[in-house]
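In the part that follows, the structures are each spelled out as C-alpha cells.
Look for chain A in each of the two complexes below; its partner is chain B in the first and chain C in the second.
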Partner chain A sequence: MTTRAQTAGRQAAARRREGTWIEAVLAHLVFAAVIVFFLAPFVWLLTAAFDADAQAYIRWPSQLTLDNFVRVFTEHDFGRALANSALVAGLTMLLDVVAVSLAGYSLSRMDLRFKSAITYGVLLLQTMPLSATMVPIYGLARAVGLRNSYLGLILIHAAIELPFLIWLMKGFFDSVPRYLEEAAWLDGRSKLRALVEVVLPVARNGIGVVAGLSFLAAWAEVLMVIILVDRQDMFTVPLAFYQVLRTRGGYTEVQYGMVAAMGVLYLVPVMVIFFATRRMMVRGLLSSARGL
Partner chain B sequence: MARVEYDDVTKQFLGQQDRAAVDHLTLDVADGELLVLLGPSGCGKTTALRMLAGLEYPDSGDIRIDRRSVVGLEPKDRDVALVFQSYALYPHMSAKDNIGYPLKVKRMTEAERDRRVTRVAEMLSLGTLLDRRPARLSGGEQQRVALARAIVREPRVFLMDEPLSNLDAKLRTHTRTELKALQRQLATTTIFVTHDQAEAMTLADRIAVLDRGRLLQLGTPDELYNRPVSLFVAQFIGSPPMNILAAQVRNGTLVAEGVWRLPLGRRVDATEVSLGIRPEAIALSEPSADAQAAEVLVSEPLGSETIVNVKLGNALVKVRAAPHVRPDAGATVHLRADPARMTLFDAKTGAALP
Partner chain C sequence: MRSGDAQSPLRFVSPAGRALYPRDVVARNSPYLLGVTPAALLLTLFFIGPALWAVYSSLTNLALVGIDAANPRFVGQDNYARLFQDPDFWTVIRNSVTFVLGSAVIGQFVLGLSLAVLIDHAERRGWRLATLAYAAVLLAWVNPTLIAGYLWSAMFDFFFGSLNHVFLSAIGVGPVDWLGSFPMPSVIIANVWRGTAFTMIIFLGALKTIPPDIYEAARIDGANAWRRFWDHTLPSLRPIAALTLLSITMATFGTFILIQTLTNGGPNIATETIALYAYQTAFQSYAIGYGSAIAVVMLGLNLIFAVFYLRWSRARA
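Showing the complex of A and B:
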C-alpha cells in the first residue's frame, strides 16, 4: 500500500532528477561555450596556415596549400628562429633541472636557520612582475656583455621560472621518504651521489614536470628576448613573428597565412612534449600537491 | 671484531627542551653479541641506534666502534648496515640491484657482485624473486631483501630498527627465529630495536631497557625477567605481566592488598612496598592455613596453559595454571606464593628493594 507521504516523496525525487537533468545540460552548454572560446584561435591557426589567401577571420581555406610553410623557411629564416628557441629552451631546461634539484632538496631536507623565511622569500620572488625588472635587467645585461648572447637568454629564462620550480620540486622531495637516502648513505654513498642515484630517480615524475614546465616557459617567453636581443640571427620564434609584418605603399600589411604557419610550427613541439609527458605531469603534480 | 660503546651519550631534539631523547646513555656491546634496545615508543631507542648509524649526532658523549670514535664520521664511512622498519628498498631497482647496491658502491666487479648476491639470496631463499621490483614483493619478501642488502656487505655492525613490526603475527614469529639463527651463524655484532618484549626476550643475548631516554636496566633476558630493578622493567617484561600488589611490611611479614599474609624471608626497612610476583610464581592449592582464599573473576584457557584471574582486595591477580585447570567465575580458589620469587619495590620510587 502506498501512503500519501511516499507518493509525495517520489514526486520530489522525480523533480530532483529533472533538476539534475537540466543542470547537466546547462553545465555542458557552459563547457561547450568555454571550449569554443578557447579553441577558436587554434581553429583559425589551422585553417589559415593552409589557406593560400588567409584572412583575419576563420573560414575554410579558399585554396588548400602548403605554400605558407614553405615560404616561412624561404622568405624568412624561420628555421634559424626555431633552432634558436630550441637551443635556448633546451639549455634553460637543463640548467633549471640541475638548480632546482639541488635547491629543492636542500629546502626539503636540511635543517637550515631561517628556513621558512628563505622558503617564503623564494616564493616572494615569483610574485614580482617581470616587467618591473626590465630596465635593471637590460642595464645589467649590457654591463656584463650578455645582450645578444645565448648565455644571457638561458640565464635569464632559467632564473624567471626558478622560484616556482623550486617550490614545486621541494614538494616532490618532501614526498620522497627520508629513509631511502639514509639507506643509500649507509650503503656507502655520499649525500650528492645518494641524491642522484636514489632520490632523483624516485622523484622522476617531479623532474619531468620541472623539465616540461621550464622548457615550455622558455619556449614561450617574449619580453626578455625583446629586451636582450636585437640581432636578427639571434631571434627566437616569438620575435620571428614580427618579420612577417611587411610594409607596402606606406601601409603595414600582415601576411596571415605565414603568421598562422609559424604559429602551427611553434605549437607542434609544445603539443609533442605535452602528450609525451602528460601522464608524468598529472602524476607528478598530484604527488607534489600531496607533498606540500 | 666489532665492539660498540656508548659513552655518556646525550641527545636532545630542537623543540623538546624539557627532556633529552637520549639521556647520558652508557652501554657496552660485546663483539658478536645481539643486544636488544627495548622500550616504549619515544624512549630513545631508535635515536640511540640512529646516532650509531650517523643519521643523528649526539650533543655530548662519545660513540665508539672497536675503540675508535665514529661521532665525526659520515654514515658511509662507518661500515654499519641498518635494516629500516619500512625496509627502505630502492623502489626503482630490482631486488637483485637492491641487494647488490652496497657492493656496487664499493666498486666490486660485476662477477663478484653476482656471486655474493646469489649466495646471500640463497641463504634467505630469495632466489626466484631477484628480478622483481620491491612493489611486486610481499611484506615478508621485502623484509628479506632488506636483510640481504645488509648481510651482503659483511658490515662490522648490524643495526635493526623494528624490522619485524610490519609483518603479520605468524610471519613475525617465524622470521624472529630465522633472524636469531642467522645472527648466530654470522656472529656479527647486532643492535636490535623493538618495543615488543617477547621479541626482545627471544632474540637477545642481552637487553637494554630504556625509558624517557634513560637506560633502566641492562642484562640477560633471565636477569630482566627474574630480577627487574624497577617496577617499570617488571611490568614491561613478561606476558602476562608481573602482578603488582600494594603491600605493607608488618613484623617481618608481608600483607598484600590488606588481606594476603605472606612470609618475608628477609629484613626490609620500608613499610609501604609494592609486591611484584609473576603469574607462574603463584600456585592454586588446596585450602590450608597458609593459602589465601580468593574469588575467580574469569579463566582464560590458552591451550597450553590457563590464566586464572582472581580478585584480591581491589587488585586483579593473574595466576598461570595448568591447561586443564579451569575454575568457574565466582568460584573460590586458594593462592600460595613462592617466597623466593617475590620482588619488592619501593612504593614511591618504584626501585627494587634489595
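Showing the complex of A and C:
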C-alpha cells in the first residue's frame, strides 16, 4: 500500500515540476495585470496632485509643485474641514467603542430564548442600504434639529456600522471564558466593573478593530453628510471633496491637480490607519465571517 | 417542592428544565438588557424608525416643499400604483439587477475567489509579487468610495482619460467613449475595482482553514489541481460563499455615490439604479411620499435577498 502510494506521489511530483515554470510565468502575468489595474488610478491621483498642469491621464508631472495642496487650504478652508472630520470621526469612534462593548458583551452573555434570532436580526439590519433610508433620516434629522449639528453627524455615523460591529464584538466576547468575569464578581465587583477591568483587556484586539473600523467609516462616509450638512463651516473632508468635485472637477473648469491634492489629503489618513493595523483588521474581518 | 412547582399550571418548564417565566428571564438578564440599550436606541433611531417612517410616508403625498409639505394627505396605495405603472421604474429595476449581477455576483465574487486561490498558491510557492497584488487590491477597497468615483471618472474620460490616452493608444486602439457608449460595463468595472478585496480577504482566510491532508490524500489519488479544487476546495467553501455573496450583493444593491459621481444615472437613465432613482425623486423632484414608496420596494427586495442567502447558508452549514 505504502509503496504504491509513494510511487504515485513521485509521479505526480514529476508532473508538477514540468508544469512549474509555465505556471509561474502565467501566475506572474496575472499578478502584473492585477497590479496595473488596481494601482493605475492611484498612480494618476499621486502624479496629478503634484503636477502644476495636471491632466486626466497618467504622466510624469510637467513641473513638480506643492501649489495644489496650498490652494486646497487657501481657497477652500480645508483646515476647518479636516478639524471637523477629525472631531466627528474621533467622537464616533468613542461612542461606538462604548456602545459596541456593552451591546456585544450583553448579547454574548444574555440567556434568552430568542437570542440567535436577535443576533441574526442585528445582522439583517446591516444589510439595509443607507441609500434606501436616507429620505426618512433626512426628515427625522430636520424634525429634531440634527441637521448641521456635530451631534447629529456623530450619532448617525455611530449607528451606520453598529450592527456589523456588534456582531463582530459578540464573536470576540464569545471566545472569552466566563470564569474570568465570574471570579471578578466573587471579588465583589459589579458586572460593569468586571467587564471593564477583566473582560475588555482580554478582548482588546476586538476593541482595536472596532475603534479602527468605526473611525475609518466615519471619516470616509459621504452620503449622510451630503443630506445633513449644508453650512460651510460644518463641512467635513468628504463633503468638501464632494463639492469641489461637483464644481471644479466637473463641467465648468476642470482642475484635476487641486481636486487630486484634496483626494490625497482625504485618502492618506485612511491608508495610514488601515495599513498600520492591517493584520488586526483582516483577522477581525475573518473572525466575524467565521462566526456567521 | 421543586418537582411540585413543575406541575404547577402557572410555572412552565422547558424539557431542559429551564424556567421560561418572563419575570425570571428579565431579572436574570437585566444587566444585559441595560447593556444593549444604548445600541438598541441608536438602531431604533436610524434603522428601524426610518424604515417604518418610509412605509408610513409612502402612503401619503408628502413633499419636501409646498403645500403638501405642511399638510400631507393619506393617499393609500396610490404611490405604489403609480410606481408600478412607471416604465422608468422597470428600467431602473433592470439596471439594478444588471449592476448587482455584473459587479458583485460575477465580477467581485469570481475575481475575488480566483485571486484568493492564486495568492494562496503563490504564498506556498514563495512568489513575492503576490504580496504586492494583494496590497493593491486591498488599497482600492480601503479607499473612500467618493475618491473611487473621481479616479474612475478621470480614467474613463473620453479625450484624455488614462484608459484611452495611455493604455488603448499604446496598443493602437482608437478612443472608446466609455461612459457614453458603454455606461453600464464602465460602472461595473469601477465597482469591481472597488469591492473585490472583500471577497478575496474572506476566501484567503477560509482557504487557510482547509486542512492540508485533504489535498495530500487527493494528490496521492492522482487528482490534478483542477479536480482537487473542484471536488475538495469548493465544497468546503460553500457556507462562507453564501455569506460573502450576501454581503457584497447588499452593498452593491445600495451603491449610490460611485454611480452618482461617475454617470449620475446617465446617459439618459442607462445606469440609473433604484438607489439613485429614490434619491432623485425625493430630493430633486421633492416628492417624499413617492420617493419613500421606492425606498420601501428597495427594502423589501433587500429583505428577500437576505432571507434567501441566510437560509441557503444555514442549509449548507
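Convention: the second predicted complex is superposed on the first by the 251 of 292 C-alpha atoms of A that agree within 3 Å, B and C clash if a C-alpha of one lies under 4 Å from a C-alpha of the other, contacts with A are read in each partner's own complex, and residues count from 1 in each chain.
In the analysis below, a residue touches a chain if its C-beta (ideal position, glycine included) is under 8 Å from a C-beta of that chain, and two chains touch if they have at least 3 such contacts.
From a predicted model like this one, the values you see are computed outputs, not experimental measurements.
In the superposition on chain A, contact is made by A:177 with chain B only, not with chain C.
By the touch criterion defined above, A:151 reaches neither chain B nor chain C. In the superposed pair of complexes, A:185 makes contact with chain B only, with no contact to chain C.
In the overlay built on the shared chain, the residue A:137 is in contact with chain C alone; chain B does not reach it. By the touch criterion defined above, A:198 lies against chain B but remains apart from chain C after alignment on the C-alpha atoms of chain A. Looking at the superposed arrangement, the partner reaching more residues of chain A, out of chain B and chain C, is C. In the superposition on chain A, A:272 contacts neither chain B nor chain C. Taken together, the two complexes place residues 111 of chain A in contact with chain B and also with chain C.
Within the complex, the chain C residues that touch chain A are 20, 25, 28-29, 31-36, 38-40, 42-43, 45-51, 53-54, 57, 115, 118, 121-122, 125, 127, 129-130, 132-133, 136-140, 142-155, 157, 159-162, 165-166, 193, 201-202, 205-206, 209, 219-222, 239-240, 243-244, 246-247, 250-251, 253-257, 261, 275, 278-279, 282-283, 288, 291-292, 295, 298-299, 302-303, 305-306, 310, 313. Every residue of chain A that touches chain C in the complex is listed here, in rising order: 5, 8-9, 11-12, 24, 27-28, 30-32, 34-35, 37-42, 44-45, 48, 55-58, 98-100, 102-103, 105-107, 109-113, 120, 122, 124-125, 127-140, 155-156, 158-160, 162-163, 166, 191-192, 216, 219-220, 222-223, 227, 238, 241-242, 245, 249, 256, 259, 263, 266-267, 270-271, 274-275, 278, 282, 285-286, 289-290, 292. Of all residues in chain A, only 111, 177, 179-180, 182-190, 198, 201-202, 204 touch chain B in the complex they form.
Interface of chain B with chain A (complex): residues 14, 53-55, 74-76, 78, 80-82, 84, 86, 88-92, 101-102, 105-106, 149, 153.
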